[in-house]
Every structure is written in C-alpha cells, then in structure tokens.
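Before anything else, here is the set of structures, which you'll find just below.
Below, chain A partners chain B and then partners chain C, in two separate complexes.
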Partner chain A sequence: MPNTTQQLQYDAIVVGAGHNGLICAHQLAKKGKKVLVLEAEPEAGGLAKGYEFSPSFFTSAVHTLPQLSKKLISSLQLEQHGFSTKQQVIPTLALNDNGQHISISKNTVDGVSEKDQKSFQEFTELMNQFSKTMGPFWHKNPPRIEDRDVSDLFTFAQFGWNVRRLGKEKMAEFTRVMALPSQDLMDEFFHNPLLKAALSWDFLVGNKLAPRSPNNAVLNQLLRNAGDLSGKQVYNTGAMPVAQVGQFINALVKSCESLGVSIQYNARVESVLVSEHKVTGVRLADGREMLASKVISNLDPKTSFQKLLGQQHLDIQFSHRINRIRDRGMVATVNLALNGLPKFNGVTDLNQRLLIAPTMSDMETAFDSAKYGELPEHPVMEVMIPSLRDETLCPAGHYVLSAQVMYVPYELKGSWETAKPKLLASIMAMLERYAPGISEQVIASELLTPKDIETKFNVRGGHWHHGEFCIDQWWVNRPTYGTNRYSTPMPGFFLCGAGAHPGGGIMGAAGLNAAREVLKND
Partner chain B sequence: MTNQTPIKLAKDINSVTEGLLKSPFYVRQVEMNWAQAWFNWNGYAQASYFKDPYVEYFLTRNTCGVYDVTGMCKYRIRGKDAEAMLNRMVTRDVSKQGINKVAYNVWCTDKGRIVDDGTIFRFSQDDFRIYCAEPNMDWFTLASAGFENVSIVEESHDIAGLALQGPTSCALLRAIGLGAVENLKHMELGHFPFPADNPQGEIMISRTGFTGDLGYELWIENDLALTLWDALFAKANLYGLRPFGDESLDMARIEAGFILPEVDFHGAQHAVMLNHDHSPFEMGLDWMVNFKKPHFSGRAALLKEKEEGPARKLLKLDVAGEKPANNAILYADKKGKTPIGYVTSALNSPATKANIAYGLVEGKYLNGSIYAEIYYQKDLRWYQKFAICEIKTKPFWAPKRAKQTPPGNH
Partner chain C sequence: MANKYDAIIIGAGHNGLTNAAYLAKAGLQVLVLEKNAYIGGAAVSRELHKGWMYSNCSYVCTLLRQSIHRDLNLSQHGLMIVPYEGNTSFGADGDYVAHYPEAAMSYREIKRHSARDADAMVRYESDLMRYAKLIRFFLLRTPADPTSFKPRDIKEMIYMGKKFLDLGEEQIYEFMRFLTMSAADFLNEYFENDLVKASLATSSIIGTALGVYSPGTAYVLLHHVMGDVDGTVGAWGLARGGMGAISNAIAASLAEFGGEVRCDAEVSELLVRNNKTYGVLLANGEEVHSDIVVSNLDPKRTFTKIINKKHISPALRKKAENFKIRGSSGKVNIALTGQPYFPSLPDQSLLQKGSFAFVDSLENMERAYDDWKHNRWSEIPFIEMTQSSQFDPTLAAPGHYFVSCFIQYCPRDVEGGWTDEKRAAFGETVVNRISKYSPNFRELIAHMEIRTPFEIENEIGLTEGNIFQGELTLDQLMFNRPFPGYAQYRGPIKGMYMCGSGTHPGGGVSSACGANSAREILMDLKREKINGKSVVPEEFDDA
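Here is the complex of A and B:
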C-alpha cells in the first residue's frame, strides 16, 4: 500500500489541455487548488491548437470565435497575458460562380432583392430575441431531472419565464421553430437560393445535419450566438469575430501558469484510478500514476466514461445512455499552402468568410452521399485565409487557406487511402470554379477527414462538439441525465469538455461551469 | 353397440399444445397428462398439473417428483471478463463464488430495482451459465458493454432439464447409477457420465430446486433426455416418482420461502407505473446486497435505500384461521380502516399445517399489527373476515434433509 499522503500531489487533475480543460484548471487554481493538467500532445489547445501543417506553414482547426464572451476573457485575465479583445469582425460572402456574390454583415445583406433584405431584418430580430431568451442558460449549470432540489426548479422556472417573456406569439414561434429543419425556416423567410444556403451554413455546421434534417438547426445557431465579441448575444452569421486562436490558447496557458497550474505535455492518461468507489488519481500510458481526489476530463464523454473510467464502475442504464451518444463528425478540414494570393472571381477583399454552397439542395445532396458512407461529388465549404490577418502563419508572399468542408463521412465505404486524393480533387475542383488557377498556387496541402481529426486531436468521431449538439443531447440531457452537471455517478470524476453543457465551439462555459461544480463538491 | 363414443386416452388429447414448443420430455408427459392443462412457459407447453395438483404436491414432500424445467432461459457467459461483467451486473460477489457452485442472484436497474432473478452456475474460472425464468439477453448485452473479453450465448433450447424433487430423489439417483451425487452439497453441481452403465454422454446435476426439500436438477443434452426420463421412470414405483406441474410447484415454493417474478415482485422492465417495481431490500433479500464488492448496477441507489429503509417489504405471514388469504388487502387494524399492503402469494400449507402468505407491507407499518381481509365462500355465499397475521422470519418449510450431505436413504 503506497503512502497516500506522500503521493497525493494534487487537489485536482485535469485530463486534456483543451481550452475548457485549461479554463477549468485556471478557475480551480484561482481558488487556491493545486492543479495538474495532463495533455497527451506536445502542445496545448486541443482542437484550437495552432500547428505546422507543412514546413513553415501554420494553421488551426478553429478560425472564428463567435461564442467567446468578454466576461470570460476578463475573468481569465487573458488580456494581461497577450490576448487582444479588439477582435476583427468580418463579414460573410456567399459566393456565386457568376460573380454576383451576396455579402452578409451584422444587420444588412447586399446582393439580394429588397424583399429578402427586409426579411433579413425580421429574421435577425427574431434570432436576436431567441438568443436573448437562451442567453443566461449557456453559462449556468443545467437543472437535474432526478434528485433535483430547489435550485433546479428555480432554473426550470427561469427558463419558462424567459420563454414566456417573449410574448404569446413569439413564445409559440420559439417552440415551433426550435426543432424546425433549416430549409423550412429559410423557405419561410427568403427567396434567394444562395442566401438561403449561406444562412443555413451556421445552422448546420459541425453536426450531422443537413438543411432538411429536423431536430436542432436553430438550437445550433443559438449556441453560436452565445458570445458577445460582435455585440451582445446577437445573431452571428454575418459578423464573425475572428482571432488568432493561437494567441488565445497561449494567453490561456500563461494565465494558468501564473496561478501555479502545472501542465505536463506528452502525458497521455490511460485510465482513471478508482478505489473504494472513489476516484484516487490517474494512470498514464507510460505507467506513471498521479494521485488526486478529483479528476476532471476535458475529453469527450464516451472516451471519458468508456476508456478513462471504465464501464465496470458505472450502472448499466447510465453507461448505455453514454454508449448511445451520437458523435460522428461530418466536417473535414483542408489547409492549403499557397505561393500567391488566390483570385476569387468578383471578390476584392479576401479577408472575409467565404461560403461555397450554391443552394440548400447542393448541401443536402452532399449530405446524402456522406450519410451512406460515400464522398460528396460537390462538397460545400467555408473558406478563410487566416494568414491575411496573421502573417506569422507563413513565409512572406505566401498564404494559408483553410476550409471547413461538408459533408464527409466518418466511416467510409472503401479505403481512405484512395478516397482522400479523390476528395481533395473534388474540393480543389469546387475551389477552381470560384478561384480559377488556385490549383497552381498550391505548394502543400493537408486534408483532415473526421477520422483524421479524431486521431490528431483526440476527439472521438472527429466531432466538433464531442457529440452531436441537438435537442436530445442538450441542456439537461448533455451528455445525458445523471451527469448533466459536470459531476458524474463516480465520486471525484467530472466532465469539463464540449460534450458537457453547453456544447462545443471556443466558448469556455463548460470549463467554467465545471470548475464551479468541482468546488461545490469539495 | 357400434355408435358408442370412444373414451379418449390422455395421449390422444393434445390439441391444446398446438403451436407451442415441446420439450424433449413432452412425449412422455403427454401420455401421463390426464388433465391436458398446459400453459405457455417461454414458448414451451408446460403442464399446470397432470391429474391433481394437491396429490402431486405431496410428491415433493413424501416421495419424489419431476418437474420439466426445460423452459428455463439459459445463457452461457464465457471469457476472461465474464466474472467482472457478472459482478458488475448482480448484487452478490461473483468473485467469491467457487467453481462448481450455484448461487442465487438478482440483477438491478440503476435505481436498484430488480430486473430479474436467477441462478448463476460456475463451471470454471471463465465459464458460467445463468438460469432465469424469463428472457434476459437484452439486459445481459447491456451489462456486458465495456467488457471486451466476454461472450453471451443463449442455450435455452440446447439443454433439457428435469427438476427431481423430494426426499427419495437421492435414493432414486443412486438406483440408476448416479450415486456420486450424494457428495454434492446444497448449491453444488457435478458432471457425470450418462447412462452410468453405458455412457453416451454427460449429465450435469446440481443440488438445487424450487421446492425447499431435498432435490436435484438434472441437465442433459436433448438427445439423451428420454433416456434419462425412462431410466428414472423404470424405478418410479419403488421411489414414488410421478411428474408434477406448476400448481404443485407453486405450493411447494411458497412453503420454501421462494419468491416468484411477476407474482411477488414486478420486474423493473415490466412495471408500467413509476415505483411499482421492487428493490432487493423490499423482497427481503438484504443478505444478497454486498456493498463491499466492486461496483454493481444500482449500488448507489441501494446504499441510499439501505440508509433510509425500504418503502415496503415482503413479509412472511402466518395468517390466523384456515381460509387462504389469496389476493387479500392488508390493514393495520381489524376494522379495515388503514390499508397497509396486500398479499402476493398465499397457501393453506399442507406440510406445515399453517395458513401462510407473503404480504407486501408499507415500510412504516412493518412493526405494527397486520390484518388480512379475507373473502371466502360457503355454499356459494361469500363472507368476509379480518384475520390477524404473525410475521415469520424463517422459511415455512426447511427440513434438515434438504441440506444434509450425504442425504439419508429415504
């Protein structure tokens, strides 16, 4: 029996140095806790980490920060550690292959009929109202269904009150619209097919969701509206705050270290140690054991419960609910190293978010292929050139283009080895349609399928949200009831990642809320 | 007379069982089944009784009888993780169960409510079989999630089973060359060559049963089933062997203190109403819930229940008078003002000469008086009475011979 008083080195161990893990560690350290963060990779950041995808060319999987809040940034003292809150807010440009693009910014849309412009005002207003209704709940611990107390009932009541405050008509509309397929919603408001497809993008991206899929399109959008860098919790499609995500992660690491958080890299946690029905620490892949009475997992729920903790420590129905979490990502990432600035037809300012999705039907068709394990013939994508804002990403005169591509299956019929060049070719063909000659400018490229994202970033299913963000995996059910408040059925084991409430994106609320729960269980 | 209606023999009346599975023993049973009272047990034609349930009951107490247990659901659980998987599922510590031992178990939902009960047979370190009265493949599959090295195979239709129960059961087995069973202790199992004089296969015998008396359960491959039956019945007259059906088994099991799913407790996955299912504590199975073993499903909920005390409890009751208390509502007073529970099983017990019942009583009334409201009939006229009930803690029927090793030559 080891001398536990000697080995109990930490109050809490955070598994995974993603932004949520770091934020959770920061908040615990701020309260005087001795915290250790264990990261499997050589650098921090998780999905948001900056990395070299080709010699001297850097990128990251995340380019926009719509969900970040000023309050969080100040609470984490990120500005003192080099993160600028004066983020550039860029418009979105929906590309048309005839050059008649549609430009969408915060409150206006150009390039569409007057009727659609007017509808856009109504639409944003509705979305802003809904965002306000949902606003407080992203940053609050969700109420429990079982074993609830007064505070849980209060949260339910507050939610009910917030919805009711929309007024009778809007409340009815809220309940109707919440699970509506984005296509129905777009068809209700707009005429222009390109505009409809462009506005659909943010309703869907990151999830196994196409314009005609019901369940969670609006919910997904509202989560993206949770931040306030481009204004207080407003509809966030047109105006997208962008950032050097690397700067954000670096500031977070520095802020953690200034509070005494120790971060160990290349330290892959193999399992959580359990003794006498309580967590006692973790075992690393290299055999080392670290002891702490609290272990907080930044990993996705399935990995956390199945691999780290082990289902033998869980009740049967609970672990069944965990096993059923839907977590197959459908977004691929492409990074291109370019030896010159590409020329997109009819685009003068490339420092925008460019959307290539001609119609909702094109999106749906791409989805249909992926749904059955096949590659889309005409992928749809969101394109950015991050090196225009951050010249440290590549050598002078060169550029980095980064695209999020939908829909790419996690499980492919056939082998990825032959499919990847084919997929890259169809992505390039799509880009060529809008930026003729771009293929000749490519000196290196990286294509990450959901499967690659899974391996590279240690995210199961390669899913942006660590599990589908949808009504049945949301709020009281995220990732499932019984562990919707970061604590789990195993005393001392907590979740703090995107798989917990409120969900994915660079938001930090999961880490922040989890820290609160950990301290409450002290 | 030529137009006389011929009297049908029992073996010619089997239309009731059309569409049901027939166990390998069916062809013999149908010849002896005068009542032709069959019911469906997991798809098998099962005899409710053969001639007279009351007479057949006495086989289990005075001589011996066979009850066809082929209809039991049987699941083989094998692999390096089999023990860990079972231990995660059931409330007892499977790691403490020896090889060739049988253990009664229950498995619970997350809320500590009984899904079902059954017996686990341990053949080796990594090889188990579970016997239970109802299909459980779905639950076992859920329970095995996360255990890589475990396989679950249903063997329900691959093995025939006969419960040989009663004081002369051991003597009968000796008489057919299976004398080695006398060394089996209660809840032990053994494998023996069969038939003893000219082995064509193997018989597994466990010293188990559902009657509370001396008895064995005989498990054999389907092809040898009739050979077994015939070997036993060749000595039937000397040892008083006859087949018995479900009604007599039910009498015996009530006396023995055994509970029955969907009679005394409602399986958690069958209960429609919230809280109409039951915990092991409610069923008086406190001794089976082991909080010192590694985690098992329902542990946290059961620990909480243990601290708070169960909401209700199944009590063994000795009811005054001789009118059986079937379906009786239980009260805290003899005027029937305060209902406190109800009777799940009742019997005017022949062996103990007592009027016995199981009563499910609300937690706060466990220490007060209990009255059963009994309706009974005399010449088609109904009467009502309130009979005081005495709580019993031991099984009503537990003769020494049931657990004696080697058993006496009764």
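Here is the complex of A and C:
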C-alpha cells in the first residue's frame, strides 16, 4: 500500500456537510455509530452557511426557515448548542409603488377590501387543512407499491384516511386544487392584483414555476409551509420565521461533535470505493482513502451517481433516469452593503419580508424571459434587511440588504460577463422604484446567479432543491425509481440530500429519513 | 296529461345527438332543441362559398368510438371515415420533418435529422401507446366518485386501481410522471433534434390555454393519439362530406329510432319546481315539458346562463364561474382555386397533398403562447393546415380545394375588441405565414372565413370559443370534470343531466360524453338493457 493513503474504519461516511448531511450523521451517531463527515469547503453548511460577502459585511443565501420544525430542533438537541426553537417571526409587506402597501400577517391582510380579507381567512384555512393532510409524509420514507411491508401499506392507508378526514366537500376539492396553477387559485379567491401576486410568491419561489404553471405550485407551497416555528397550523406567508441560518448550522455542528461525529473540512471526496458490488469507502481528491461500509451522499443525485459512484456500476436504465433529472435553478441572490438605512416609501418598519412583485402578470413576464435563457427586464424579488435583527452582520450605522430574485436563467443566451452588470442594474432600478436613493447608499454588492450559486455552494444548477421540485420528480419519483427511499442500487451507498424525498429548503427531513433507512439496512 | 317527450336535449352538437340517439334507441321519446338553423355544433359542413364545402370548425376525427359507430348504424346512414396521410412540420429555416404512413419511410425521414432520434421514435411510440391503451379503458366509463362509499364507486375505483397496477411498479411511476410533465420535458427525454420535437409537440397544446413548456401538456399528447380509425390506434381521419357528415349520420340514426330535432329553437331557461325539472322555456316564449332535460351546452353556460340562480347553491355557481374554458384558437377556412405548391417539398411527393404544421421550433411555439397571455394573437402562430378535399372530393369541384387552418394562439378578447380590421389583420398573419412556404398560396384564395374565439362563441355557443367545452387540465379531468361532485353526468337538479364535452372524457369529436351520459340516464330509469344487452356499450372493443 502506498504510504500516502491513510485508512481509518468508520461505520458511515457522509459526503458533504450540508444540513441534511449533518442531521443524518447526528442521527447515526445517536444510535452509537462511528461517523465521519467530509466537507469540501473550509466550513460546513452548504447553502445554509453564513459568509462574508464584502469585508465586514455578512449574509447568507437564505434567511427564512418556513420548513423547520420544533421537533427536529429538539431531537437534534440544538437548543443546548445555541439555536432555540423560539425564532423571530415577521410579517410580509407587498410593496405598491404608490406607497399603499398590503400587509400580510398571521391571520389578517391589511390594505385590501373586506371581501378579500374574508377570503384570506377561507384561503388560509383551506391551505392549512391541506398542510395537515400532507404533513406526516414529509418525514416518512416514500412507500413502495408492490411491497408487502406493513409500514408502507400503513403510509398509504394513512394518506387515504387523512384525505377522507377532510370531509366529502374538501376531499373533492383536494385533488382539484392540488393541480391548479397559482394564478387560477388566486383568481378564485381574491380580487386585489397585488395581493394575488404576493401570495403567489410562496407557491412559486425556488422552482421553474410561473403563475400560470399547472400541477406543481400547490405542492411547492405545502412544502414551504411544512414547518411550525411560527406555530402549528399557521399559514406562514404572513408569519415567516427568520434567523441567522449560520447559527443553525453552528449549533448543528456542535451537536454532532458532542456525539462524537468527526468532521473534516477541505476534504473534497472524489469517488466512492466499490469492491465486489458493495461500498467500502471513499477516496479524497488529495489521495487519502477512508473506509466505511456505508457512504451517504449529501450531494445532488446526478453528481452522486455520475461522479462519486460512477455510471459503470449502474444499469443503463437507471443511469438514463438519473441523467434526465431536471436541475436548473432560477433564483439569483443579491446582497447589498449599505451605508445607511434605505428609505422605502410608506414603510415604517423595515424588519419585514418585503415583496416586490406588482402583479402576477409581471411575474409571468419575468419568467417568460428567463425560460428562454434571457434576462427579465423587471425582475421580481423578496427583500430583507437581516442586519436589523442581528447587528453583528455589519459595522454600526451600516446595513445588509439581501434579496432573492426571480427569474434568472442558469444558462444565458450570451455571456454573463456583459449580462451580470445589466441584471444588477435592473435589480437596482426595481429597488429604486420603492426605495428612492438606495443606489447611492450601496458601498458594495454581490450578485449570485444560479451558476454562481452552483460554484460557490457546490449545489448543482444553483438549485436549492438539487433537482426540480415538481410532481414528476417527487415522492416515489424523487430522484427516481430505484432510489426513491435513500438507498441506491449499490449496497452501502445512500442519498440524504435535497435531491431525495421530500426535497430542499432548510428542513432536515431528508437527512432524518435517510438515517432511518441506513439504520434499517444494518 | 302525459308529457309528449320523455327527454329533451339542449343543443344538437354531436354529443347531444349521440345522447338523444341512444335514449331513443332505448325507447324514449326524445326531442333535441338547437338554437341555430343547422345542427352539428362544432362538427358541421357548410357551403360558405358557392362550390366549396367547409368543415369550418372541427376538421378531423379520430376519437369517434367504433362501438358507437356500430350501435348507431352510422355507416348505413352515410358516414365514411377516410384516413389521411402525410403530415409535414416546417421549421423556421424551411426544413421540414414529415411523418409518413409507412413506418420505414418515417424512420428514414427522422434519420435524415438525427439517427439517434429515429431509434428513439420507436421507444417513444411504444411508450405512448402503452399509456394510450391504459387510458382508452376509461373513455367509455363513468368516472368513479372517490369521495363516495357507494358500492358502484368503490367497484370502479378498484377497477381503475387494478388496471393501473397491471402496469407494474416502474411503469406506474412513469405514468405518474407523464401525467404531470410538460410536453417539452417529456420529448427532451427521448429526442435531441428540435424540429423533430416540435413536430410531435403540436398535439400537446391543441385546444389548451398552455404552452409546450407548461406542465400538464404531455398528457394532452396522449389525448390526441388515443383514438383510432379502423382499428389503427393513433391514426387520424376525415369524414367524407366534411365533419357535418358525422352529425348528419347521427341525426339520421336518431330519426330512425323515432327521435325529433327542432332547429331555430333556442332554450332560454331550464324549468324547475321543487328542485326537479319539468322542461324548458324557449326564447320565443314557448314551453316544452319533460321530466328529463339533458344539457349539451358547456358547463359554464349551463350553470350561469340557463338555470335561474335560485335553483343552484352559491357554491355550485361559483364552481361554474371558476370553470376554465378559455379560448386560445382561431380558424381560417379557405376556398382555393388550385393546389398550393410547397417548393421545399419534393414535387411529386404525397406530402404536397397532406397536412402541414407550421411550427418553427419548440421555442417559437412557446413564444406564440406568450403573446396570447397578453391578449394578442401570436405574432408567429402555430398553424395546422389540413387539405381535406385532397382525400374527400365531395368538398369541392375538381381542381378546387378546401383548406382548414387551425391557429394557436388567438385570444377571445383583444384590445379594442375584434373589429373587422383586427380580424382581417389576424387572417393576414395566417396567410402571410403560409405564403412563406407556399408562394402561390395567396393568389389561389377565392374566399376566406376568419373565426376568432369571439365568433365561435357567438355562433356556436362554445363559451369563450374553447373547442373542448373546458380546458383539459388535471384539475378539470376525470372525476373532477366539470366539477368535483358533478362528474357523473347528473346535475344538482333532479332530472337534469349533462352530456357535452365538458364532461368526461372531454373534448374532441368522440361521442363518448353523449354515450356515457345516456348510460347514466338509462340506469336511473332502470332501462339500460334491452333483451339483456346494454344499450350503451361500456368497454373498448380491444379491452
């Protein structure tokens, strides 16, 4: 054996210290397993890590935690390590360029007609009921249809029972509403165009979905509403839990370490070692080999199978199904370092989720450019000022503004070099409309297109779901038949990331479920 | 005094006529009331220019069920369906992809564009056929109501479940994907050449308010290959004499069974007493009485135009208002004094006589959809041009041709409304596009009828000019068509039924809706069998 290799025996190796990977490691260690997590970057967290985007200015790619549950936080013992279940909850303000904004909070909407206010109650009640119906399934392994496994049949029965419990009227509505485009659903309930656009945001963000896109919008919203940090049965569009996700990651790392999990950084994994058709460990980019009978990948499915494992170990049909996974993100993030508090017309409290999306038609038009690989003229966005909640993010008297921008193509017709400044200009122009003078306050900026997100965070396609979140790539089809329960055709090789059920977002369900599957395989 | 009629059917579209014919066959005294001077609804042949017969609405037929064709003796009543051959899709640069009736020729043609795609086509067709064969089982069946525990519904759910499970686990998952994907994504999984994909994608958007990139369009691909002509599943056919021949044959069958049709008899209201219907009120003030009234009108029109608000719950009325039935297509029907010549096609090829799809590319088909979203007709529209008279000489004199152009997208409302100028401009967009490929086309035009969804709605009564009486999206299909709880042809009022394309299995000239509805009506009357045999067939012949 060459003396550059270093062989250590673990029970399990997790590739990638994203939150799902860490959670999976945590659950295995809790059951007494010796676990090693290998992370390519100098720090953990993947898309959820906090980072410095300009000297002394900190941010993260995401600030909201609508999918996180209290149960997860306590089962990971995060409170002891610095992350509480009690996080701030902020309302949403849908900005109108005439200053007459619409305020959406936990149970009410202000700035709309009485009719729309009443409809909001009915709407959120309906959506919460659907949430409840779907709820149990995010944290369960997808069943198999032909198994005689009792727990699988129970899952199907439970689903049927949950749907039945909606009552005859709502049951019928369930299948119908699930397939509706967000625009049609909004038109059925509301009149105010700004309200419809604002509520649509949580149905569409993070996926290749526009207001008119059928089939997948409601499912997307249900996933986004799957957490309970703002309370049980709360429609969190108006009650959005927010936090420094970096703290979440830090607490998670500490909790893992307290259980004896080893985490190595700057340790990029190059391939999975296979012998006699089963996993024996991994080889790192620097040549070192680590041995384990179980390797669990936090990376997206395509990278996991094509690069880590290698297609030579897979049958052609399976490879074909992996290759066809659609995984191009459409969200860009922009971070601004400001030398003063921006003045948004008509807004007194800036510690809210500000939505800039005048109408559903504007959202559709922005999408209609991006889908052809072109830049939208008037991007739509979700804006927050996280430094209002955490002063350590920047120097005193300064502010960090962070926005998620839609729709930005992954692949551009033309070069990004000339296009990126144009995109930033469009974004600033939109912000100027609502916060005149903001451009003068910018001392530094960072614009990450989906391609940049891919490079910076090791997330394929810059897609935070690792693979489009839509019915044809969901549940028993996520990522595909043959690997829809975290195990794969290669014994000992597992998936635990967003590319598996139930999808992405900071939720931890994939990591939890994967650990359960890994332990079953013992 | 007993009613003269056992059942009244509102609307002499092909489904209404089919419904009436089956009821009459079972021995009921039926009357069909039609507002226009002619029957057929959207399946008509009209001599709009002397010497040319126009199928000026629907133009091809494939979905007409063979069993219905037999039961109603349509051949004896003059109906002859002729398969038509040769379909060419034109790309932006003048290149084309042709689909030939012979498999070997089609293979070579695809190979000309991509060898890989020629092989993939085999796999594609077999996969689609598998799904088509599964779906066909459900066309001539009333959908189950999944929210009910009635034995009949449970039995139907089990039947569906079994047919589904027969696919095997992997294929079940693939089918789930197929039902919800976009046509573009689905085609991308098989093919690499854009024009090949575009030529196939045409059937995924016809009659929809969606684009080829929209989730849910892959399923629509299926809808258009699911029929059969003489047993060749997936083929398309022309009715000799134009589409009106279908309606006329069904009407003749109806007459043979003793049914009546009255034209120029618009129904203005359904007569209701104690939540039970007792007939209809005509626009001229006359009342016609019957205990059974079947509406062949689209669901929106049925529930918002001819039933007084007080007879239906506000919830149901809201459902009807929310029902999606947006029109997205126009028709330009043209009388030509000669055969259009397409220089990019081989001179003596059968393709010159076939049908044409002007697609350009998947991207341009999607851009055509984007225009419609803003209430404009497509700058570069998708056009399907059928030269019906090439295969049916009865439509025009020798040397003359009738050509039917189906265009997407065309909105029902444009800014400023559909003035004569706007309509002419729309027609010009169409002629201009075709002329790019056929230079002699324009000079052959003897007459043109330009129909936007606006005209179609006003003349035929199809709300917003939607050709399927309601969009074919998952939320409005099967047990949700037209609305959850009302997907078994029965209305909320006793004695009231629906039989149009707004019910299962949806649109297209299939007669299935009319037949399924008749079955339900007869079941309620306990008259569904004659001498032990079902009046309305239940399964597919190849089941």
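Methods note: the second predicted complex is superposed on the first by the 508 of 522 C-alpha atoms of A that agree within 3 Å, B and C clash if a C-alpha of one lies under 4 Å from a C-alpha of the other, contacts with A are read in each partner's own complex, and residues count from 1 in each chain.
By our rule, contacts are C-beta pairs under 8 Å (C-beta built on N, C-alpha and C of every residue); 3 or more make two chains touch, one makes a residue touch a chain.
Just so you know, these numbers come straight off a predicted model, no measurement behind them.
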| item | value |
| --- | --- |
| Combined model on chain A where chain B meets chain C, clash or fit | fit |
| Contacts of A:277 with chain B and chain C, given as first, second, both or neither | first |
| Geometry of the superposed three-chain model: angle at chain A (Cα centres of chain B and chain C, steps of 10 degrees) | 60 |
| Partner chain(s) touched by A:318 [first = chain B, second = chain C, both, neither] | first |
| First, second, both or neither for A:472, with chain B first and chain C second | second |
| Which superposed partner A:396 touches (first chain B, second chain C, both, neither) | neither |
| Touched partner set for A:364, first chain B, second chain C, both or neither | second |
| Chain B versus chain C as contact partner of A:172, first or second or both or neither | second |
| Chain B versus chain C as contact partner of A:310, first or second or both or neither | first |
| Which partner reaches more residues of chain A (counting touched residues only), chain B or chain C | C |
| Chain B versus chain C - smallest C-alpha distance in the overlay, whole Å | 5 |
| Interface residues, chain A side, partner chain B - complex | 277, 306, 310-320, 323, 482, 489 |
| Chain A-facing residues of chain B, complex | 84-85, 87-89, 109-110, 139, 142-143, 145-147, 294-295, 297-300 |
| Contact footprint of chain C on chain A as seen in their complex | 144-146, 168-169, 171-173, 175-180, 184, 187-188, 212-216, 324, 326, 361, 364, 368, 371-372, 470-473, 476-477, 481 |
| Chain A-facing residues of chain C, complex | 146-148, 165, 169-170, 172-174, 176-178, 180-181, 185, 188-189, 210, 213-216, 318, 322, 324, 363, 366-367, 370, 373-374, 473-476, 479-480, 483-485 |
